[in-house]
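Consider the two complexes below, in which subunit A is the common component and subunit B and subunit C are the respective partners.
Here is the complex of A and B:
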C-alpha cells in the first residue's frame, strides 16, 4: 500500500513536468524514425516489427536512466528523503515504489510506440503474437535498466550524475556480452550470459525465453536490493 | 523501564567521520512532557532528533522509544513518532491537500481515515486558507506549518520538532507556542530552538546541549538559578564568606563588589532552597550590621551563556 502510494505519487509528479512527455515522445519518435526511415523497411517489404525490437533496447539505455534519475537523487537534494524516511514506510517500500513509478512511466513510453505496430499492420499482415512477446520482453529489459537507474539515483543527490552513472550501467549491461571473446573462461561465459543485447535476441523475434527474463529480473532485483542498501546506509553517514 | 518514560537516551554517541557530534548524551523525557532542547549551532540538537526519528544510527549508546529499543526498520514504532525536520516540505508539484493525502497514504491510512486526519491537521495548523496552494508558492512559515501538519497526521504520541518556529512571524510563533502547549500533556514533545524565551514559555523542562553533551537539564525555573547578595559592615569579605559557607542549601560563596568599609559576597544556593533566613541569622549571630540581602535571579539566557561558555551579554 505504501509502495503503491509512492509509485502513484512518482507518476503524478513526473507527469506534472514537461520532461516526462518529452522523454516519452522522444522514445516513440526515435524508434519510429528508425523503423520507417533508417531501416530499409519499405525495401524489405515485410510486415515485421523486428527492426523496432532491434533498436528499442539501445534507445532504452538512454530513456530508462532519464526516467529514473529523479527518483531518489531529487529527494536527497531537497532534503525530502529525510521526511519520507521518518514516515512509517520501509526503505524497501520506498525504493520499490520509486521503481514501480518509473516502470509505469516506461509503460507509457511503450504505449506511445503502439502506432508503429498499428502502422505496420495497416501496411501488411502482422503476426501479433511475436509483437506481444517482444513488448513483454522489452518491458522486462527496461525494468532492469530502470532498476539500475534507481540504483544510480540512490547514490547521489545530483540528477545529472545519476543519469550519467545510470546510462553507464545500462549501456555496460547492454554491451558487456560483446566482450566475452576477450575474457578467459569461465568469466567470458558469465559475461556473455548477462549481456542484455544477446539476451534480448529471442525477445526481438517475439520468443519469450524464461532464461532471458530471469536475467533481466535478476539484475533488477539485485539493483533494487543495492539501492535499498544505499538508502539505508545513510543512517551511518 | 518505567512506563512514565517516553524517551530514554543513555550514553548516546555519534561521529561523522572524525567529528564526534555527540559525546555521551543522557536524557529522559516523561510521557506528556514538553522538553525544550537548547544549544548553540553545532551542539548536536539536530543529530539527537535525527537519531530519535530513526534517520541516523548511534555510534554508541542506547535509545528507547516508548519502552522499546530504537528500531528504524520498525514501521509501527515510526508511526508513533512524528518528526518535523529542519527542511520543510518542498515537493514542488503538490499542493497542501495533495501533500497531506500523500503522507497519509504512505502512512497506510485508509481513504476515510485519511480524509478525517487531513481535515483535523489542516484545522489544527490553520492551513485552511492555503489548502489548495502549491507548496512551492507557500511562505517559509506556511511550509513549516505544513511540516507540522504532516508530523501530526497520525496523531503520534511522540513529536520531535526541529526548530519549529524557524521562519515564522511573531503571530505564527505565538500560535505555534499555543499549539505545543495544547499538545503537551497528551503528547511527548521534544523541540529544539535557539530562542530561550520560547523554550521558557513552552517547555516543562529544558535540556541544554553543548559540544555533544547535555550540560544542563531541569525545569526552566530551576535552571534559572538564584544568587543572594549579602552586604555587611563589621568583617571583610573573606571572613563573611567563611561564615556563610556550609549553611543549609548553600553551594558556593563568592566575593562581590562593595562600597568602602563594607564587605559583600554572592551566595549561590540550590534552586529549592532560599538561604536568606539562614544568612540573616548568621550575620546577626556574628554581630555584623546587615545592609543588603537581595535575591538576584539569573535568567535562562545567563544560564545558557554560562553553561555553553559564551561571554555574558
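Here is the complex of A and C:
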C-alpha cells in the first residue's frame, strides 16, 4: 500500500463526514465575506485579489489544523493505527499519505474560493498572473500549516487537543514574522526569516520566489519528519 | 534499551529540524524568481537593466531603510530593498548593497546619532514620515533613502512617496552617479497667489525629479540654469512683464507645466463661481492653445463626490457633483502612463486646433466622457444648477482638459510693445546687466503641459500627483524613466457597478459556495444510503 493509496482513503473518509463540507464551505464564505463585506472592496474600486490574499493566510491557520486533526489522532484513538502497522506500509508512507490527503482537501477548499477571482474578473480587468501566484503560494503555505497539523495529530489521540496544538503552531508561525522587531537582533533576523506572513507577501503580489516557497517546504519537511518519529515512538510504548 | 531509544528519538528530531532548515537555506542560496504579473511590474525594467549593464566600475548602494516605518512607508522601504536586491542580482557583482536600519531597536542612542550623521553627510536629509494611527496623525522623524557611491562620487535617491516611484528614483540617481545626467532645476513660480509648493508635500513628490527653486517671474528674466517652470494654481494674473518673461523662457526651448484653475468658488460666497484671471491666455495662445475660460466642463453621467457644504452637525456634506467629472479617456502618453482615472473639478475646455494646424506635436492627455458638456455662464456651485440641462449654453463632449504640446512658435510680443523693466529695477538683480535682446522666434522646441483644473485636481485623486510627476519628467525630456514609473502603478479600476449588482456579488459569493457544498454533501449522503440499502 502506497502513500497515495493512504491519501485517497483519507480523502474518501473525510468526504463521508459532514465536517469536511462544513470546513470547505466556511473557508469560502469567510474569505468572500472579508473581500466583499468587511474590506472596502467597492470603495477602493480596484480589480485585484489582494484583500483575499491578505485574509486567507489567517483563515488558513483555522482551516489547516481542522483538516489535519483527525488524520492520526483518530487512528490512534480507535486503534486503527495498530491495524495499519500490520499492513505492508511504512510509517513514512502512512504519515505522508495522511498529509497528501489533507492537502487534497485543502485544494478543494481553495477551489471553493474560485468564484471570488471570477467575480472580480467580471467586474474589471483582473490580472490573472498574481491570482495564479497567490493560489500557488497559498497552497504552499497551507501545506506547511497542514504538516504542522499532522505533527500535532501525531502527538495525541484527542482530536480537540490536536486542533488546539496545531492551531497554536500555525498561528505562531503566522504571527512570528510580526514579532521580530521586538526581539534582539540575531534572534529577530532568524525569526523574521521563518515568519510565514512575510514569506507569503511576494506570492500574493504575483511573484513566485523559491526563497519564500522553500521556507514553507522546509517547515513541512521538518514537521512531517517529526510526525513520523512521533508515530514510530508510540510503537515503543 | 529505553535510554537508547530516547537518544535515537532525540537525534531523529534534531536531524529532521536540520533537514528542514537545509531545505529552506538551499532555497535561499539557489533562489529563482518568477514574476507572473501581466507587465512584469515586479521585475526590473529593461531600461534599468540597460543602466546596470552600462556600469563600468563597482558602485555601492547604501540604503537607509527603517524597518519600523509606519504604513505606507513600510511598503516603500520593503519595495526599495526588493528593487535593490534585484539590481544586485542583475549587476554581475558591480552593485554592492549595504543596508542600514535607522529604527533598529538594538541601536544605542550614540550609534543611532552616528548613523543619522552618516546619512546627512552623504546628503540624505531626515524626513518626517506621517501616518494615520487610528484617529490621530503620527509623525516619525527618521532618515530614509538610498545613496549611490562610486569612488569620489555620490548621488542621492530620496525616500519615495509611493512604491510606484521607487525604481524610477533609484535609476535616476544612478544616472546622476554615472554622470549621464546633471540634476535638472525645476523653477516653481511664486508671487501670484500660488500655494507654498516648496514647503508642502509636493516638494517631496517632485524632489526626485530635480532640484526645486523658487522663481519670481518679474522683473528679471528666468535664470538660464532653470530647465522647467512649474506653475501650480496661481490666483492673481500675471502682469505684462511676467508674461513677457514666461514667453521668452519658452522661446529659449525650455519647458512649462501649468496646473491652473480658470474658474473657482468665490472665497466670500462659496456657492458662487468666479473666474480666476491667470494672465496665461496670451502666452498659451502664442503656442496655439485657446481656452474657453467662460465655459465649464460638467458631466451629469459620471460625477465624482465633492464637498458641497456642511450638514446639520457642522460636518462636511458630500454629494456627487457634475462639475467634478470623472475622466477615463486618458492618452497613451508618458504623462498619463499607468493612470486610468482622473477627476477634473471645475475644468475648462482646451481648443488645440491652431496648435495642430501649426504643426506642433499635440497630445490631448485627458478627455472627459462623451456624456460631458461645456456649459457657458454657469455661476452657481449648487449641484442642482449643474444638473439642470441648458441646451442653448452647452457644447457636447468629449472635451480636452489637459494637453501636452511640443513645438516652436513666435513670441506673443512679436507684434507688440515689450513691457519695460520697472524704473526702480533697471538692471537684472542677478547679473547686474540690462536685459538681453528679446527673442521674436523660438530658438528651440519648447514643451508645455497644461491642465485646466488646479488645486482641486491635485486633491481629487491620488493619480493626479502621479500625473504631475510624469508631466515634469516628460517636460524634462525624461520619457524613458517616466514609462518606468507608469509600469508600477496601481491595479486597474473596477467597472462602475450599481447597488443591486454589489448586493448580488456579496450574496452570491458569501452564500453560494456553502450552499453548493451542502448540495454536494446531500447528494453524497443520498448515494451512500442507496448503496447501503442495496
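Observations on the structure shown:
Definition applied: the second predicted complex is superposed on the first by the 236 of 237 C-alpha atoms of A that agree within 3 Å, B and C clash if a C-alpha of one lies under 4 Å from a C-alpha of the other, contacts with A are read in each partner's own complex, and residues count from 1 in each chain.
Simple rule for what comes next: contacts are C-beta pairs under 8 Å (C-beta built on N, C-alpha and C of every residue); 3 or more make two chains touch, one makes a residue touch a chain.
This one's a predicted model, so the numbers in the text were calculated from it and none came from an experiment.
When both complexes are superposed on subunit A, subunit B and subunit C end up sitting side by side without clashing. By the touch criterion defined above, A:16 lies against subunit B and subunit C together after alignment on the C-alpha atoms of chain A. By the touch criterion defined above, A:132 reaches subunit C but does not reach subunit B. In the superposition on chain A, A:85 makes contact with subunit B only, not with subunit C.
Looking at the shared chain after the overlay, A:5 reaches subunit B, while subunit C stays out of its contact range. When the two complexes are overlaid on their common chain A, residue A:162 makes contact with neither subunit B nor subunit C.
Here subunit B and subunit C are compared by how many residues of subunit A each touches, and C touches more. Look at A:116: by the touch rule set out above, it reaches subunit C but stays clear of subunit B. In the superposed model, A:208 makes contact with subunit C only, not with subunit B.
Our angle of interest has its tip at the CA centre of subunit A and reaches the CA centres of subunit B and subunit C; in the overlay it is 170°, to the nearest 10. When the two complexes are overlaid on their common chain A, residue A:37 makes contact with subunit C while staying clear of subunit B. Here the smallest spacing between CA atoms of subunit B and those of subunit C, following superposition, is 5 Å.
Subunit A uses residues 16, 236 to touch subunit B in one structure and subunit C in the other. Within the complex formed with subunit A, the subunit C residues making contact are 2, 5, 9, 12-13, 15-17, 19-28, 30-38, 42, 67-68, 78, 82, 104-106, 490-495, 497, 502, 505-506, 508-518, 520-521, 524, 528. Per the touch definition, subunit A reaches subunit C in the complex via residues 15-16, 18, 21-22, 24-26, 28-29, 32-33, 35-37, 42, 45-48, 50, 112-113, 115-116, 119-120, 123-127, 129-130, 132-133, 181-182, 184-185, 193-194, 201-202, 205-215, 217-223, 225-226, 228-229, 233, 236. Residue ranges of subunit A in contact with subunit B, taken from their complex: 1-2, 5-6, 8-9, 12-13, 16-17, 78-80, 82-91, 234-237. On the subunit B side of its complex with subunit A, the touching residues are 16, 50, 53-57, 72-73, 75-76, 78-79, 81, 83, 85-87, 89-91, 93-94, 102-103, 105-108, 147, 150, 154.
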